[in-house]
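Worksheet: one structure, shown below.
Order as written gives the chain letters A, B, C, D and E; numbering starts at 1 within each chain.
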Amino acid sequence: MSNAAQPTAKTDERIKDISAFRKALIRPELGGIVGTIAVFTFFLLFAFDSGMFNSQGVMNWSTVSAQFMIIAVGACLLMIAGEFDLSVGSMIGFAGMMIAIFSVTYGWPVWLAIIITFVLCTAIGALNGWIVVRTGLPSFIVTLAFLFILRGFTIFLPQVIERKTIIGGIIDVSEGDWLAPVFGGKIFGGLFTWLADAGMIATFERGTKAGQPVVDGIPMLIVWAIILIIFGHVLLTKTKFGNWIFAAGGDAEAARNSGVPVNRVKILMFMFTAFCATVFAVCQVMEFGSAGADRGLLKEFEAIIAVVIGGALLTGGYGSVLGAALGALIFGVVQQGLFFAGVESSLFRVFLGVILLGAVILNTYIRRMITGER
Amino acid sequence: MSNAAQPTAKTDERIKDISAFRKALIRPELGGIVGTIAVFTFFLLFAFDSGMFNSQGVMNWSTVSAQFMIIAVGACLLMIAGEFDLSVGSMIGFAGMMIAIFSVTYGWPVWLAIIITFVLCTAIGALNGWIVVRTGLPSFIVTLAFLFILRGFTIFLPQVIERKTIIGGIIDVSEGDWLAPVFGGKIFGGLFTWLADAGMIATFERGTKAGQPVVDGIPMLIVWAIILIIFGHVLLTKTKFGNWIFAAGGDAEAARNSGVPVNRVKILMFMFTAFCATVFAVCQVMEFGSAGADRGLLKEFEAIIAVVIGGALLTGGYGSVLGAALGALIFGVVQQGLFFAGVESSLFRVFLGVILLGAVILNTYIRRMITGER
Amino acid sequence: DGERYVLVSHAPDSDSWWNTVKNGIALAGEQMDVEVEYRNPPTGDLADMARIIDQVAASGPDGIITTLADEDILEGPIRNAIDSGINVIIMNTGSPEKAREIGALMYVGQPEYDAGYAAGLRAKSDGVGSFLCVNHYIVQPASTERCQGFADGLGVELGNQMIDAGQDPSEIKNRVMAYLSSNPDTDAVLTLGPTSANPTLLALNENGMAGDIYFGTFDLGGDIVEGIKSGIIEWGIDQQPFLQAYLPVVILTNYDRYGVLPGNNVNSGPGFVTAEGLEKVEEFAGEYR
Amino acid sequence: MTAETKFHHGDPLSDVKPIIEMRNIEKHFGRVIALAGVSFDVKPGECHCLLGDNGAGKSTFIKTMSGVHKPTAGEIYFEGKPLHFEDPRDAIAAGIATVHQHLAMIPMMSVSRNFFMGNEPTRKVAGLSFLDKKKADAITMEEMRKMGINLRGPDQAVGTLSGGERQTVAIARAVHFGAKILILDEPTSALGVRQTSNVLATIDRVRKQGVGVVFISHNVRHALAVGDRFTVLNRGKTLGTAKRGEISSEELQDLMAGGQELAQLEGSLGGTV
Amino acid sequence: MTAETKFHHGDPLSDVKPIIEMRNIEKHFGRVIALAGVSFDVKPGECHCLLGDNGAGKSTFIKTMSGVHKPTAGEIYFEGKPLHFEDPRDAIAAGIATVHQHLAMIPMMSVSRNFFMGNEPTRKVAGLSFLDKKKADAITMEEMRKMGINLRGPDQAVGTLSGGERQTVAIARAVHFGAKILILDEPTSALGVRQTSNVLATIDRVRKQGVGVVFISHNVRHALAVGDRFTVLNRGKTLGTAKRGEISSEELQDLMAGGQELAQLEGSLGGTV
């Protein structure tokens, strides 16, 4: 009998159809796309002639957005895996300080300082993750503890070692280093010089750099942002491991029973978040040449906000790296754009709060349509 | 047949008994009690002669702890009801600023300013709660938005109205007001004078107040802390509504189906949290006579930390007000104690993080024993 | 007419001292009939400040007034602004030498270490040997420099005498009390601005040391002036933030309009404000002082 | 009394007024039409079984009855009067107790707090009303003992009870509050043989007290063992209501499966489902 | 073939080597002794039913078999060799597929991602291995069609499926990956008549392919319909294993209820449970 017993497939008369167009629209990034269009339309209308869209202005908000993107990619994957990390901001400060201490105070070669810092910080990320998976505590609490611990050390160590809360002079020591330009350099300098010569972008009018283009290349920060976004997106949507990330965040128990190594996935994502924070810190240190105890304050919230604006679900299992990148772009453009538009700067926070609420409500609506969740 | 069909009651041979002593120990406050004993033992041993335990020193850490207690009570009940509020810190700044603007800038009587501020702030708390229950969004996101919105207004409004970010002069305008001493006054002044005359507490030896007792009364801040703890404890454990708070946090859907008005409970708890934040703000404004845009920074975390150290579960449905009060006490004593003990002050954050982690792991262990949770 | 000048500070949103600066540029803007704007990194993160300078430069103002809170970070962006044809004046933190080096028109302000050092010398001559520095903004290099300068002026090690007081007034107050009760033989208290001075005043009032302990502070504010008047505070170091903001706007405007420029830097501080001649200070403390 | 069972069955006279009557209830969830017009009533002292396939809409239907969902269309008459339930509290106040399919117990709360959740006994002290914990504990212990479960103490957390024990707490609670209607949504699906028999016996006992019982099940035998009337739902519509004795086990099963491929199924399972 | 069923039943010869053999498995959870020494084996091509009361330890037992829990004591032999499962991945790799009582599906993920969760097909591109989404989608659609479920598309989220459909996805997944042992933990308890029959038919089909099936149920009739051997657990211990035909429905029920108050129960329910 066997096969005969199977009822033939049925279609459900109790569900109305939805149009293909609407179906194409329903994706996690939709909120981010709508937001991006809205934000650019707004600023094109109201701040077009404020310098926001000249080469320097574009580079400015691109750089700021790229910063947000770097930490948002890490936070996004971690959030999809069902956890989040409040220690990102402190990690940024800590990583920068470590590089400064290693290279300036101890005089190690900069490449070594960078590599050791990466190892150290991803190890701390792994520790975070290990505590979370071992104790089953909410990551909120565990990473909140590390927020304080890392910030404490970031203030304490340089005071003890150098009796300052800021350590400078990194640009000098990184002269000629092979690894430093990977984080602090710029690329496509030739292209911009050519553009400037062709009169397409502005040049400096005076000083040592007179005649050179005001924008003399794409900072590695932006390159890193693009690399990390592509990496994160491919990892999440095109690989086996990406499926595991979704599964770990969607229902850890179910995933574990289906053979997904949930603990490993979560710990790796904590490490990746720490890695992104370190990339952020190294780029910053290499660009500015100093590390301070105040670096990265509140960046953990900014990362989470960008990710949530980009459509990910705080409780895990749902989201997209492209969405998070768009969220970071919106965040960066709004933050810088409000300045360009001449809005009183203390109102920035009010806007941020309102945008966050609006984005999240829009995203919830979209997500309900996708998952048929109740 | 009916009754006959019921099997007789059985005892379970598959579960080992636990001793009555161990059973008595297993309570949400246990972690808090153990922590408090540990902390006091530590400081009695290492900081006894630093002035930490003379009348002035005791008053010092009591005041700090009382502050934490006031916001911890609100955060605790809200957390047990299954939500939390990241806007507490901003609310403190906002409430203080509103009082200052109403009383100093607009010249309203202080009692009116205080009452209107209470109404305004609890209304904002209700709005928070309403958005959370209506949209079903995580309270993390909603209150994070309000963290930014309220802080933005706290910075923006006084600048627009008074062209300052600190508004002072509240002590002058509150002279003779009937409501102001309820928040800013001290009680039992006579008792302390008597104690000093009897030589039981020290008197000032020099300066303008020579001869007066070093501690001249119990600040209303401490009185408020005690009132709120008692109120919260009775509400939670001795009333119908307390049962609803547990139910709402334990499983909102189940509670709703059993006839618990979950939405009302949650909104009321958001309002109570806002109320506690306002009490904190009013006491502070009345004591210091000024309101600043930077007041209350990071207080939301401190409240959550105290509550979590006190044994409550971040995910709701479990905890105790007494535990939260002990958590606040531990927090306050450690913070001040490190100063008395002369530990490098920037290490305070490191200690805080370590204590938080330790407390939370201890509490998890205790809770698993209670609930048989896996 | 209608020139546009932007002041970029390093202070977080909530720092009340900068208010005077805002009022200073606003008044200058009004008087000179130019457009003025104030920008700052919301959390006080200096890396964010660098971005703001870049951005201000992109918006093409006629001039930028900014601080040099950290040379390493800010030098690049400021140089770029200067090189793209924008006049820059350094205010507040920094030093005349550095300002000249990076090509700014001039420096208006008070070098922090020097101010601390001068205060230390003064305190030493008043017989102070040990002190407590109440640092309410420990992550900011300039704050630490003030404490360091003071210690060097006194000729003692800074060591544990600087505490991380936090920004909450109750915390500051209680930490000061805790420190003083475990170190009762401290000679002096140094606060770094109204944020730490006001709660410290209350702390001293409460533990009875008011008027007894040597109390000096940086920067003025309503309560500080009160304290000086009543003799609790020995002196306040006034760096005249109003001038730091007002003068650059006036100077830039005149430079742009008529090409005139003072030949020297302006040291707006340190000036010691003591109990003498307080009325004007009192009237405008927190707004223009 | 029929052959298959030894339960006493009431004779729900057709002239007895129903306690609750639902007429043409519809319920849509967005694009999903969960109920497309269902009529149903419950009379005092009867056990009315609601049967049907997965997703037929049984749970949705009883949720409109217990105030969890508001119907999209249709009327509800309670004791003859039209009624609107704003939320479950209203339904509970009117006398409708429900044991939901997914248990309405809170694991971290004690048994006695769970038992009285939403119905806490109070005691006035100085004009304020406080929870009467003593009374709550005593009643809980007593009721659980009656159901054959010996608690370690009223403070034991529900999380430490087995699934069957929790189910029993939920039923005991519903029975205790003297409801006029007791709704049980698949109370037996997760239960073992003994627990099932216990639940069926309880239904019988409650019915004798004049309470109307709505019993949802997939198991035809359980339904036939205690039911007085049987309503079958299929894809959001009623296929009709039958009285006890008017319908055989095979016919009922036929209806529940939607009547389609039944010949095949019947053959393959030998009528044992 | 017996009278009650028309299924073909294999004749598990006693000399066929079991695929997996569990000896004296014990499992303690802190103070709770969930399993107090259980022995069990599964032979290829047979359906071995695991029966028992609520909390008897059935789920706990099969979880030790599928690598979710590590046994506190006892040995596991897989194809004659002693084996330790560190986690479910090991068990899956060894060929043990499990459909857990509480579904192992993730509502927000698409059907095809769920189907392949933990077993994703990959494709090499430039030396790196990527998810082969096309293949996954095609297989999912095909397998679901075979089970009688017509998806809107492989990207449909599992959350939009009905409970019965989800159960079917879980079973289809387990069957697809060519397991040597298929464990089903109460697959039928939440299912309607038609879905149940479908699941039983699937068990039969899989068994014919030589797979050993472990089937857990509370329902004696479902068990008798497909089972070849029956092991009854009671309070963490085995009450014994019986072969098909050696035991009657009544005896089995007797054992499952613990044998105590059965006379009473039997009477009150007329043997209908």
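Criterion: a residue touches a chain if its C-beta (ideal position, glycine included) is under 8 Å from a C-beta of that chain, and two chains touch if they have at least 3 such contacts.
This one's a predicted model, so the numbers in the text were calculated from it and none came from an experiment.
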Can you give me the shortest step count from chain C to chain E, moving only between touching chains? 2
Interchain contact steps from chain A to chain E (minimum; 1 if touching): 1
Please indicate which chain is farthest from chain D, where distance is taken between mean Cα coordinates of the chains. C
Where chain B and chain C are represented by their mean Cα positions, the distance between them in whole Å: 35
Separation of the C-alpha centres, chain C versus chain D, in whole Å, is 73
Averaging only over C-alpha atoms, locate the centres of chain B and chain D and give their separation in whole Å. 44
Chain A residues counted as touching two or more neighbouring chains: 1, 5, 7, 155, 346, 348-349, 372
Multi-chain contacts in chain D, i.e. residues touching at least two other chains, fall at 6-7, 194, 197, 201, 260-261, 265, 267-268
Listing for chain C: what residues touch at least two other chains? 13, 138, 164
Once bound in the complex, which stretches of chain A touch chain E? 1-3, 5-11, 234, 237-240, 242-244, 246-247, 250-251, 253-261, 313, 317-318, 370-373
If you look only at chain C, which of its residues touch chain B in the complex? 12-16, 18-19, 22-23, 26, 138, 160, 163-165, 167-171, 173-175, 177-179, 181-184, 194-195, 198-199, 202, 205, 207-212, 221-223, 286-287
With touch defined as at the start, can you tell me which chain C residues reach chain A in the complex? 13, 37-40, 42-47, 50-52, 54-60, 70-73, 76, 79-80, 82-85, 103, 138-141, 144, 148, 158, 164
Residue numbers of chain E touching chain D in their complex, please. 4-7, 52-56, 162-164, 186, 189-197, 200-201, 218-222, 224-225, 253, 256-258, 260-261, 265, 267-270, 272-273
Chain C touches which residues of chain A in the complex? 50-52, 54, 56-57, 59-61, 63-64, 155, 163-166, 168-171, 202, 204-210, 214, 284, 287-290, 292-298, 336, 339-340, 342, 345-346, 348-349
